[in-house]
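Next up: some structures, all given as structure tokens.
Common to both upcoming complexes is subunit A, partnered first by subunit B, then by subunit C.
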Partner chain A sequence: MSQLYAFGRALALLRDTWKWTFRGSLRRQSKVFARQLYEVGNRSLLFITVTLGVLGTISVFQVLLQVERILPEFSVVGPAFIQTMIREFAPTIAGLIIATRVGSGIAAEIGSMVVTEQVDALRLCNANPVDYLVAPRFWACVIQNVLLTVYGGLVGICAGACVAHYAWQISWGSFFSLSLVGFPDVISGLLKATAYGMAIPIAAAQAGLETTGGSEGVGAATTRAVVNASFAVVVLDFLLSGFSFLFLFGNP
Partner chain B sequence: MIGWVSGLGAALIGLLETLGGLAILAVRIVRSMSPRTLDGRETWRAFYKVGVKSYAIVVMTALFTGAIMVIQAGQFVSKAGATSFVGWAAGFAVLAEIGPVLIGLMFSGRVGANNTAELGTMVVTEQVDALRALAIEPLGYLVAPRVLAMVVMLFLLTALGDLFALFGGGVTSELLLGIPFRVFAQQVIEANLTSEYLLGLVKGSVFGFSIAVVSCYFGLGVKGGAAGVGRAVNNAVVLAAIGIFVTDLAVGLLWNLL
Partner chain C sequence: MIRFEHVSKAFGSHQVLDDVSLVVERGEILFIIGTSGAGKSVLVKHLVGLLRPDAGRIFLDDVDVTSLSEREFYPIRKRCAMVFQHSTLFDSMTLAQNVALPLRKHKGLRAQAAEVEAVRRLDQVGMAAEAARFPSDIGDGLRKRVAIARALTLDPEYVIFDEPTTGLDPMAAANVDQLIRALSDDFGVTSIVVSHDLRSIFKVADRVAMLYQGKVLLDGPPSAFRATTDPVVRQFIEGRPEGPMQFPRKA
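For the complex of A and B:
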């Protein structure tokens, strides 16, 4: 039951964030917004490169070991890998990575502001914490999550191509084939990235704003932010995959 | 130019310091982990908090993971018409790769972050110093039980979670692809994925150890009050996630080459 209430409060926070955005929050907080774009985007680049690179390497490696036993040739591996990467792995793994890095960062930052009564000070100055703190982080996260997903997908595909080329002598040309990739695949991937980009900062900001107690509370809030944000990514992935399967890819 | 180079050097030195600290801590934890020094009640409590309390979130994640993998495999099936392929593809992806990694990431968020926050709070409120003043070694009393609990519990949670993932996959294949649950189950069994299942379990325990060492390292190194605890948790989950992917690659390569 308390989970349902928490979900309702998250939806209310999402609504407030949109409301303050339409009232020109980003224009007023343009400096905070620019800073958050840097914090979320640039500072996650290395993290995304490492994780998606490793993911591309290991998936192609394991798939090729299996395919080797069944199929005589590998021309289908590259296109199928690229398609799955665009539809599924680039958005979801990048989303989980952003959920751990950015989600815990937002919750820790806002949580320690709450504990040291800086948020109350904001309210005293007649500044709304959603307007001042949440909206810039929300939009920074949405924009950068989409960009990082595109970047991460490229890194993963290139890492996979290197494995295929150097360990199995598959030519670059037959691996980098977009024959299976269509417009719906790209839409599906971008839809997922956008949805995760919205869910992560809301889950994290909610955990941060609801912090109580001292340093113990900040720790608990950060934990809750990571768990809720990652779980939101997994559930949204399921919903959007099902949606794409039924409506975007034209399956019966 | 000079600023850029010195920044790179500082980052490199910081990274090496962290890695060295992690290695030293890992060795010291393993050394302090003898049945004689392990506190029974603290260990039992750690098992409960690490395992039982994260059971629900792991099961939920696993159910959705299996469902997602079946949907992804199903897209190839409805184009090519190879229905017998679903059980093998989804089972293989879940057991060997995606299941352990997603369960590990979830576990790192739930248990690893919690552990860093708890140890960090103890450091900040000087409870760890109080332990030392009572001549109790914090590494043996606080850290070793948690590390043991994380290794054992992530192993068990992966073992169970994989099965829940296959169950979720079966339900999805019946509802969405129109392949009956029985047929899906039969395909998974016929695909003979024992070696993939074992690989996943090995990955689970290795992830458990790396999550445990990373979270304890950052928890014990907290400086500076509530903000410090938040920063430590943030650093811990980031490094634990990198650790999961890097050890995933290492275990996968070793498993297939040996």
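For the complex of A and C:
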């Protein structure tokens, strides 16, 4: 039951974030928003590059090992890998990375402000914490999660292509064929990236705003943020994949 | 005038306030004392809507503020400022921006005008030269001064000081005491001071209320506090670790 209440509070926080956005939060908090864009985006680049690059390398390597035993030719590997990367790997892996790296940071920052009474001080100054703290982080996460997903997908695909070309002598043209990729695949991937980009900061900010106690409480809030944000990514992946198969891809 | 009427508050199974009633007259300086965890800060936070009571009612000039919404509390917070225990300056803002924030949000001043006024306010606490610095660049005592400047920037009628002299050197603490007294004497500001500092109590307070086990154990002038024979209050005044006083468990 408490999980349901927590979900309800998360939805209320999402509603308030939109409300403050329409009231000009990003204009008022433009400096915070710019800093958050940098924090979420630029500072995640190395993590995304390494993780998606290694994932692309290993995935293509393993697939080609298996395909080599069954099929005589590899022409379908590249297009299928690119399709899977766009539909699934890029948004979900990038989402999980942002959930851990950025989600923990948001929860720790807001949680520290709660336990040091800075959030109370904001309220006394007639400044709403959602306006000041949540909305800029929310939109920075949404924008950068989409951009990092596109970037991470490209890195993964290029890394996979290098393995295919140099280890199995598959031509660049054959690997980079977009014969299996359609507009619905791109829409599905971007839909997931946007949804994760919304869910992660809300889960993290909620954990931060509900921090109790001292530094121990901040630690617990950080853990809760990472767990909830990662859980949100996985559940949304399941739901949006189902939606995509039913309404975007037609018969799989 | 501030009235707390039969206020109770619990966190989980821990009853922090139990049927607390207290009146603060206009222009008065009330010191609320008690051991750590006695519920002093919890009580005063109810006045500005940072906490909501489980039972009881709170009045500010006969206006019942107990169940006001967050938005309805804005005008109350304009009249009733609070200096927090740990200063609580915003790390990402300069000292001037910290002091300017209430001016911008409550009075709707533009950023530049608010910062000019903020520097003037900082000058009153001897901090104008540091206006462009960040809270992390200065020590606790100076941060406290800036927090006081921020709280007074809207010329409030009521000010809550949560342990204002904790962590300050004796000179800085004496300055804060002087300031609290001057606010009352010169401007008629009503102050509620949460404190452990016996020196400040005897120097500044008009009245003292001691919270113990969620209830008001003593409520009277400093002379009555000093003369009391209540063994718990005596133990507190004399700072003896042994005695009848039971220390509250952690909430």
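Convention: the second predicted complex is superposed on the first by the 251 of 252 C-alpha atoms of A that agree within 3 Å, B and C clash if a C-alpha of one lies under 4 Å from a C-alpha of the other, contacts with A are read in each partner's own complex, and residues count from 1 in each chain.
Going forward, contacts are C-beta pairs under 8 Å (C-beta built on N, C-alpha and C of every residue); 3 or more make two chains touch, one makes a residue touch a chain.
Everything numeric here is computed off the predicted structure, so don't read it as measured data.
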Query raised in the report: Is this a clash or a fit when subunit B and subunit C both end up on subunit A?
Result: fit
Report task. Name the contact category of A:S171: first (subunit B only), second (subunit C only), both, or neither. Result -> neither
Query raised in the report: Where does A:E117 make contact in the superposed view: on subunit B (first), on subunit C (second), on both, or on neither?
Result: second
Query raised in the report: When the shared chain A is used to line up the two structures, what angle, as a multiple of 10 degrees, is there at the CA centre of subunit A toward subunit B and subunit C?
Result: 90
Requested in this report: For A:S30, decide between first (touching subunit B), second (touching subunit C), both and neither.
Outcome: neither
Query raised in the report: Between subunit B (first) and subunit C (second), which, if any, makes contact with A:A127: first, second, both or neither?
Result: second
Report summary line: Across subunit A, the partner (subunit B or subunit C) reaching more residues is B
Query raised in the report: Touch check for A:N42: first (subunit B), second (subunit C), both, or neither?
Result: neither
Query raised in the report: Can A:S179 be said to touch subunit B (first), subunit C (second), both, or neither?
Result: neither
Requested in this report: Classify the contacts of A:V50 with the two partner chains as first (subunit B alone), second (subunit C alone), both, or neither.
Outcome: first
Report task. Between subunit B and subunit C, report the minimum C-alpha distance in the superposition, expressed in whole angstrom. Result -> 12
Query raised in the report: Can you list the residues of subunit A that touch subunit B in one structure and subunit C in the other?
Result: 116
Query - In the complex with subunit B, residue positions of subunit A that touch it - result: 47, 50-51, 54-55, 57-59, 61-62, 65-66, 80, 84, 87-88, 92, 96-97, 99-101, 104-105, 107-109, 111-112, 115-116, 214-223, 226-227, 230-231, 234-235, 237-238, 241-242, 245-246, 249, 251-252
Query raised in the report: Okay, in this complex, where on subunit C does subunit A touch?
Result: 45, 48-50, 70, 74, 77-78, 81-82, 84-86, 88-92, 101-102, 105-106, 150
Report summary line: The residues of subunit B that touch subunit A in their complex are 57, 60-61, 64-65, 67-68, 71-72, 74-76, 78, 92, 96-97, 102, 105-106, 108-110, 113-114, 116-118, 120-121, 124-125, 176, 225-231, 233-234, 237-238, 240-242, 245-246, 248-249, 252-253, 256
Report task. Provide the residue numbers of subunit A that touch subunit C in the complex, in ascending order. Result -> 32, 116-118, 120-128
